[in-house]
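Here is the structure we will look at, set down as structure tokens.
Per-chain residue numbering starts at 1, and chain names A, B and C are given in the order in which the chains are listed.
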Amino acid sequence: MKQYYDFKIEKIKGLSQEEIDSRKKNLELFYKNGFPNKKDEDWKFSDLNKILSNNFNNISNNDYLFKEKNFKQIHEFEHNFISLFNGQIISSDFSYEEKNKISLKVFNYKNEKNLDKKNSLNLLNHALASGGFSLEISKNYKLKKPIVIYNNFSNSLNETIVNYKNSIIINENSELNLINYIDNSSKENFMVNTIENIKMRKNSSLNNILINNSKCNGYFYKYTKNDLEKNSNLKNYLILSGLKFNKLDIEINLNEKDSKSSVFSALNLVKNEHQEIKTRINHNAPHCHSYQKVKKVLNNESKGVYQGKIFVKNIAQKTDAYQLSGALILDDAAEFDAKPELEIYADDVKCSHGSSSGSVDLNSIHYLKSRGIPEREAYELLINGFLSEILEKMQESELKNFLIKKLERQINEH
Amino acid sequence: MKAEDLKNNKEYKYGFTTEIENIKSPKGLSEETVKFISNIKKEPKWMLEWRLKAFNRLKVLKEPNWQKPKYPKINYQDLYYYSAPKSASEKPKSLDEIDPKILETYKKLGIPLDEQKRLNGIAVDAVFDSVSVATTFKDELTKKGIIFCSISEAIQKYPELVKKYLGSVIPLSDHYFATLNSAVFTDGSFVYIPPNTKCPMELSTYFRINASETGQFERTLIIADKGSYVSYLEGCTAPMRDENQLHAANVELIALDDAEIKYSTVQNWYPGDEKGVGGIYNFVTKRGACRGKNSKISWTQVETGSAITWKYPSCILQGDNSVGEFYSIAITNNFQKADTGTKMIHLGKNTKSKIISKGISAGNADNMYRGLVEIKNKAINSRNYTQCDSLLMGNKCGAHTIPYIKNGNATSTIEHEATTTKINEEQLYYCNQRGLDQEEAVSLIVNGFCKEVLQQLPMEFAVEAQKLVAISLEGSVG
Amino acid sequence: MLNIKNLEATIDNKLILKGFNLNIKPGEVHAIMGPNGSGKSTLANVLSGKSGYEIKGEIKYNGKSLSELSTEERAQKGIFLAFQYPLEIPGVNTNIFLRTSLNSVRKANGEKELDTLAFLKLIKEKSSELGIDEKFLSRQLNVGFSGGEKKKNEILQMKLLQPKLSILDETDSGLDIDALKIVAQGVNSYKNKDNAFLIITHYQRLLDYIKPDFVHVLSNGKIVKTGKAELGVQLEKTGYTNLV
């Protein structure tokens, strides 16, 4: 296979010799493995090496300079924001909040040495990352408005990869609604490789929402590691239709009693879009809950993948874990792959998973038609209902309405 | 070649100047061993060539290591690949010499004393020899044109059938253990059901299982011709003392148009003791091809034995409207490990498959369901339903479920459901309150949990399987 | 309004309706009674245009053949089927479903579509008539509804869509006496000289509350006896065995 990438650490400025050495080691290891392929169990259904080699000629990295500062803001609800261009902080605004409750810094790479031999994209990130942010919310603070992170990408990224790391800490008794917003409609091929570490202290709560706004030619990979302390509550909403390729690799560690996590995802894929959601929920402590509902509608030649693992440690008694993945396949050329996995070492648990894939239920269509609804609308209604179900339990708010509208648009535009 | 022929000849001579009972093949895995086995079985040249092809392939294959249960490295050069039954002096001479625990189990299973003796190889082996037992029914079967004999006999008598179908479902170079089997298999069963024939009785390997020490590389081939039906039982409902560590059998099923094969297994090999010492590695390759339209293959397995069970009886649904089924109970206790499940590959249109798997884990055991359901793009209007339930007893054991699901078209449906729970304490309490002791209660509840699978077994098998379920879990609740 | 002549219906190579005849005029209430397996539900499915049936014979609705019409076109022209087992459709909100349905029917009949406010006003009115809690309208369509709630929801839809011909397929099954009364009231309050009802039922129970003009006994795919309301009462006493 042709070599379709060329990465150089020298392109990243302002590194100490020690950092350069450490990054070089990571890059060497990456070169040994290359981009992950289907022989790698974690990439069994998404052969990234093949996908990239078919779509890129020579991916390189850069120390990204940016001139753009303008971006389209969301008007539907009031919010704080952090604006990133190619992963670098450009501006931020927390004017709805009390001072000194929110800390935002550029991510500090000084102490990052991690050599993750298993995940070659993490190796690449360790080698090439720059920019990114560290966000910390003080104790006992409930944000009045959500924070939107505008993930902007400049229009000069063709054949390049953007790597960065983020860190988010939510301290005791604090609450945050976080919206990761992607809005890019450039026709250029580029790649984004992100690592995010989220720490949730006691009794904290986070709604972590990932939403995409336009058709984007980018190839995205994001690895998120979430560590939850006692009685914390993490909810993930993944509404990312429109990306050419996307893989979210979510690890959630329920490390202390009574912590809760959920993953809700709704994707409507068209053309040859390919998205994978991979989760690993580690129940490391007793009395924790996890809930997952991952839904996909697959049109044309698209491919939807779900790999979800629930791991229950032997001390994690009274675990309650649930996982559901469903796909509506609307086209013979579309494909759905799933690997819902349970690995359980404690006996007093309630764990279950279900997966179903197939076409739209024709009896439901008949029922709707018998009430006078034309066939096309009946399908739309069912697809909409199928996907929007993931938002059902969310508290009523402007934000929820915004998400419902975005999801509807993602469905109806196709 | 000349030199080799000479060598063959020498070995061949050697083989026939000695009493068979005393023969052992050269130690270790080599071309000589393969030739030795082929010679001693008086195989035709094509068969030897086939074996050698497998052997050559084996040299470049590696043992798989993705499975969950790890085992100590097997030294393939330290095994005997052919050994006749041990001489009488090595066998227990009376029931007194047999592990009392096994005798206790027999008693619970209700196996009569004579049977116990036979199972332990005390009675005369010849009576229990596969060929002679088969002959008891031979007349009836021959009348219908059914062939039921050992695979060795089939190679001699029906070479065309064997040539056509052997390795057609499990190719020579499929994976390490299957290839190993192809090179060195010693015996096994052969079944051919002619067109439009319903086999009048259950065919079984039950009777000839005492060929134990030579049985580690069994090969079974079952062909159901157009419009025929056969139900085949494999296994033994009493635990076998067997010193072979590795069992790597290959089972191939072929169902042509409108044919149906039902294959039931009750596996109760020696699982090792409570500390996890000893026990069999059961690494078996079982695969069926629904080659014809409207054909059906149904696997039912009750796996309670072996230290490690590692197998995936599978169906390749090639013919339009063909049906594959897999019903499984896997019980692991003490230090037993099981990594089992199935593959359903849908190639033909309107194909259907159903998977019901019940895993029960107790003690320090690990129980894994691993399965693949793949509906290919052309297999329109196909369906799969999978249900995997696991039951855990205690928090030192593990239950795992890894289904791989691939749905490749818009008219096909795949449904998968899985649950993991502990044994219901209220049910236990209810049973206790009605006077059942803990073990009886567990047995009752577990049998209920397994009911859907037990129902699939032929009557007399089902009753024994139920008892086996209870016995396997003894001492798991305290 | 409805004229069925020599209707034959086959599904999966099995002939279910074997020369079925029925005429319904506006303002009439017809009951079809029959034992299990006599073809009652097949009749309902065939009239609503469910796919999978092979049809012979003639079904005319207001003088025009039904066979060319799709399920939704029949609904838009005023044929309503209250299902025996109303489907649960997860994710689809009941209110949104009702509004889409109503507006589809209105649009097809050249009427103006209702905006959200007007719709909500209307639905509030109709649901309170049936004693349906408003909360229930914001739930997913039939998901987790009790048997009674599902059937009430069907009647609510009927009152909302204002059909000309309403077919009630075993609407009484699974209803307690209170729910049965509410359902019957719903039907009676809607009944007028321009619309007609076809009530398919196994028992007389519902007919105690909705008085039929005609009772037909369906057996083995054919009507074997037709009479007035008393026939139903008689059947309740003697059972079907004497007739079929």
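Simple rule for what comes next: a residue touches a chain if its C-beta (ideal position, glycine included) is under 8 Å from a C-beta of that chain, and two chains touch if they have at least 3 such contacts.
Owing to the predicted nature of the structure, the values given are computational and were not obtained by experimental measurement.
Undergrad: What's the farthest chain from chain A if centres are computed as the mean of the Cα atoms?
TA: Chain C.
Undergrad: Select, from all pairs of chains, the pair with the highest number of C-beta pairs in contact.
TA: A-B
Undergrad: On a C-alpha centroid basis, what's the spacing between chain A and chain C, in Å?
TA: Here chain A and chain C have centroids separated by 48 Å.
Undergrad: Quick one: report the Å distance separating chain A from chain B, using the average Cα coordinate of each chain.
TA: The mean C-alpha positions of chain A and chain B differ by 44 Å.
Undergrad: From the mean C-alpha coordinate of chain B to that of chain C, what's the distance rounded to whole Å?
TA: 56
Undergrad: Looking at the complex, which residues from chain A come into contact with chain B?
TA: For this pair, the touching residues of chain A are 41, 44-45, 314-315, 317, 327, 329-359.
Undergrad: Would you pull the chain A residues touching chain C in the complex into a rising list?
TA: The contact residues of chain A facing chain C are 362-364, 366-375, 377-378, 381-382, 384-389, 392.
Undergrad: Write out the stretch or stretches of chain C touching chain A in their complex.
TA: On the chain C side, the touching residues are 48-51, 70-72, 74-76, 80-81, 83, 86-87, 89-93, 96-97, 100-101, 104-105, 108, 140-141, 157, 161.
Undergrad: So in the complex, which bits of chain B are touching chain A?
TA: For chain B paired with chain A, touching residues are 66, 377, 380, 390, 392-422.
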